[in-house]
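Take a look at the structures below.
Each of the next two complexes has chain A plus one other chain: chain B in the first, chain C in the second.
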Partner chain A sequence: MAAHPSAIGWVPRPRLFINRVGLWLFILSESFLFGAALSSRYYLQGAERPPEVNQLLGLAITTVLLASSLSAYRAEMSAAHGHLSGLLRNLAATIALGLLFLIGVGVEWHEAFIYFPPADPYGTVFFTTTGLHAFHVLTGVIALSIVLYLGRDGRFTHGNYWGVEGAVKYWHFVDVAWVFIYPTLYLVR
Partner chain B sequence: MAGSSVAKDVGLRALLPLVKGFLFGVVGFLAGSGLVAGVRALMGQDPWKLGPLLVVGYIFGLVGWLLGVGMWDYWVREWFGLSRKEEPSAGWGRFFRFCTDHKVIGVQYLVTFMVVLLLGGLLAVGMRVELMTPGRTIMGPGTYNTLMSLHGILMIAVAVAIIIGGFANFLVPLMIGCEEIAFPRINALSYWLIPPVAVLLLATPLMGGFETGWTAYPPLAVTNPRGELLFLLAFITFGFSSILGGLNFLTTIITLRAPGMTWFRLPIFVWSILAAAMISLTATQFVGFSLLTDVLDRVAGTSFYNSTQGGKPLLFQHLFWFYSHPAVYIMILPAFGIVLEVVSHLARKPLFAYRWVAGSFLGIVGLSFIVWAHHLFTSGMDERLHLPFMVTTELISIPTGMVFLAGLGTLWMGRLQLNTPMLFALGFFFNFLIGGITGIYLADVPTDLHFQDSYFVVSHFHYTIMGGEIFALLAATYYWFPKITGRMFSERLGRLHFWWMFVTYNLTFIPMFWTGLHGMPRRVADYPATLADTNWWVSVFAFLLAASFLVFVWNMVYSWVRGPVASANPWQARTLEWLTSSPPPHGNFPREPEVVGSPYDYGIPGAVHAVVGAAAGASNGE
Partner chain C sequence: MEQRGLAAALRRGRWVFVALMVLTVVEFILLWLNIPRILFRFLLLVINGVDAGLILYYFMHIAQLWRKEA
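The block that comes next holds the complex of A and B.
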């Protein structure tokens, strides 16, 4: 797609390069948001953590989310190699793992309401940070679903697969954000 | 042209997208608040708690508004596998809908925020009426505080968005020689996020107003009437718009420069936008998060700032100023760019120390991230932090001073054309010098302990932002008026506006340093009776200052409609935007321009900045 519908005969800019720069800048911006959330946790609470945090569940959802990055990567590579069924299969797997993660967070919240509700100092940072992250996971799932829906006709496997690449890169970012959130909420002491 | 088969908007039909946006917004609001009420009822909670209804209803309403005003037709349909509609490429209806043309968006921003600027000015007039006499003059302290808070946030919004959203949108693609901004639809999105912000802010008085000023410090922000909640939602939306704008400008400047437009051939205005965009892309997330925590404390029962539950109100000030101090550089960096641009072209001199200025801009960006806590010297922050933040704050005066000296160096021995844009640029230097020097006393801990929250601070930042940025904004408005409208303004009225405004501006704000030194507190409707005389005069000059804008508005409106047609390059300037017609056509240039030299080589025989295709035959050599 050209930068703008205009047929004056300019040399078309490499659209892929523009999109990539834009996405990386977006990721840089978003990392400041998570930086604000994480630094608030240390400012308010230091490294305090109540003993009721469910370590097993935390480890489980972390594993699920990290596994989803693998399938996301495989989806992107399938698109790059023009492999339609591989693309659709891996996208579906990524979406399923993302939803599984969200269910895990839901269970976690259900428990957290009992031990450290939002009015509790740890609950404040816990609900805010996991909520912010879960919202990003949800937007990632929506983006991947749109890509899956549009990609059934093979548009990404024949040529320009930016749609897949963009959604997958964003998904990786959401995963990396969790890699910082998990130790901050579950492990430090 | 691809869009030529599309019918123009005719008559009132052109306003349909606005109506549609409004209706979709209402539907979205009802859907969102209904959803919350339903969920809360299912969970056995009171479904009619107003806070959550407002917040979720607003989010859905915002999405509905955006879809209605054109995002659905020209963008989102694609996500559902539908073909997206073709945008009209001409007609005045484009100004009232989701339109991706950067010049349309630039004009949308400029006109919108000029109106907001005048509105904020009217609120200031209201404040000065109250402050004419000590004690109660026309309003109670609560009303005054809401007026003051609204004035603050409206003017902050103007200062952040009018140059970047208006002039940078219009000019950056022209100046770097490309046909569009990198992400035109995101660009339109960031403009159409603004009207809901305005609606929310203007609705705050209906819900009890808000008294925190634009800084929204807790615990007051958490306990204030519900108007505060509308203000917080408005500010978050505005921040979102600002981030998207920053993203777009950075990507555009990095990837879309014309062939030959190397980094050190960029016009200095583009450098200043690049620097400001770096800040708005990143730091804005912090203010978004800080306001979000205020909202959560209000509606979700978290205790970020509830100290009985272990919350720490000081956290807000750190998060808030981590954005809001760099934000003053989002305001002033583009102003530097404008002023240097204007003095170089109108003094017919190469820009003095061009590379040092570009470096200074980046230095200011870097330093701006490590000075925020100078706003917290009297807030009870750990005293060991005082010295480091005092030092970093003062370090910023080095790159800022270099920019200032580069301006003076450019003027030195120049052949000055003392027309309206140049007068406003010179006014900028005068005012900004006063603003800069008085800032030193606020950066120094020993003096700041006394000046904090006094009128000395009020006067200082009005000298930097109003005397600085708004003067630069007016210089830009006059300088680029012929390019944007294709018409020429009245030079006589322009000069009248300048002298009227310059004199009354200084008479209004110089005495405020004095009242501040004598203990007049800011953000309070009252003051010691000994300061009555001075305040009476300040109010009188403030009214005269406000009246000077009548000249400006008349000149702009009349000239836009009836002014003489402007030539393509009325100032004989060398940057690329003057190498195309006034106003520029859809797509900006007849051919892709090729840049071959610096834009500032005045007085160098044979020097050429750019060539726009052999067919057009235009170049700007001397």
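The block that comes next holds the complex of A and C.
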């Protein structure tokens, strides 16, 4: 006969805690992927970068992504405090800013094809890293859109908003990844 | 009470965003200053470490992982 878990000192964790740990482990595994992409920049190109990198556009899309992190945070806090209109408004703003970021990356790619095509060492790193990141932004936009759709009828309320929290945490991770991609591709010399 | 808690959280978020923006602009300005490369790289590393720390702590609530109430 098996002993009851509590009899051997094992206390079951709440479901929310398990969800959070699972998401953090996923984020950790994703950070290894971005770490590999970033380290390949120094392996292939050293610390040099082409002078044609569009610095102002890099700063602009970084600002857009940081602003989207603020609206994502506001969406989560609104859900945590049962403020439905704030949740929906800020989720929509985050999605819009995410799409704006993707447009900025598209413009950057258009210029990059001219100045450092994918066949160049820097071009290889640039297109791989920004492409990988843009794909994560796109999946984040999709996740946030699903949460926005589901949240219209007040499904996510005070004390029950894991759907919002999970999607928003993933969005913040995409922002953290960019915090390291931006200087690695645009600034380091 | 709920509204006061929300207002405080939103205010905190605004300050974190301002800090992130200031740090981003500082690293952008550093690019145009004629400082030694090794110092520039070190400053970038520090600034980005602080950036990531702010997002992880305030926006991603990483402390939830070791708080009892989680």
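The rule we apply is simple: the second predicted complex is superposed on the first by the 174 of 189 C-alpha atoms of A that agree within 3 Å, B and C clash if a C-alpha of one lies under 4 Å from a C-alpha of the other, contacts with A are read in each partner's own complex, and residues count from 1 in each chain.
By definition in this document, contacts are C-beta pairs under 8 Å (C-beta built on N, C-alpha and C of every residue); 3 or more make two chains touch, one makes a residue touch a chain.
This one's a predicted model, so the numbers in the text were calculated from it and none came from an experiment.
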Per the contact definition in the header, classify A:L138: touching chain B only (first), chain C only (second), both, or neither.
neither
Quick one: is A:A37 in contact with chain B, with chain C, with both, or with neither? Answer first, second, both or neither.
first
Of the two partner chains, chain B (first) and chain C (second), which one does A:V21 touch, if any: first, second, both, or neither?
both
Just checking: does A:L84 make contact with chain B only, chain C only, both, or neither of them? Give me first, second, both or neither.
neither
Going by the contact rule set out at the top, does A:A92 touch chain B (first), chain C (second), both, or neither?
neither
May I ask you to decide whether A:I146 touches chain B, chain C, both, or neither, giving the answer as first, second, both or neither?
first
After lining up the shared chain so the two structures overlap, which partner does A:S29 touch, if you call chain B first and chain C second: first, second, both or neither?
first
Going through chain A, the residues touched by chain B and also by chain C turn out to be 14, 17, 21
For chain B, which residues are in contact with chain A within the complex?
1-3, 79-81, 86-87, 89, 100-101, 178-180, 182-184, 243, 246-248, 250-251, 254-256, 281-286, 288-290, 292-293, 296, 300-304, 306, 309-312, 315, 318-319, 322, 586-587, 589-592
In their shared complex, chain C is touched by residues of chain A numbered 14, 16-17, 20-21, 24, 47, 55, 59, 62-63, 66-67, 69-70, 72-74, 77-78, 80-83, 86, 158, 169, 172-173, 175-176, 179-180, 182-183, 187-189
Give every residue of chain A touching chain B within the complex, in rising order.
3-11, 13-14, 17-18, 21-22, 25-26, 28-30, 32-33, 35-37, 40, 43-45, 117-121, 123-124, 127-128, 146, 149-150
So in the complex, the part of chain C that touches chain A is made up of which residues?
2-3, 5-6, 9-10, 13-14, 16-17, 20-21, 24-25, 27-28, 30-31, 37, 40-41, 44, 47-48, 51-52, 55-56, 58-60, 62, 64-65, 70
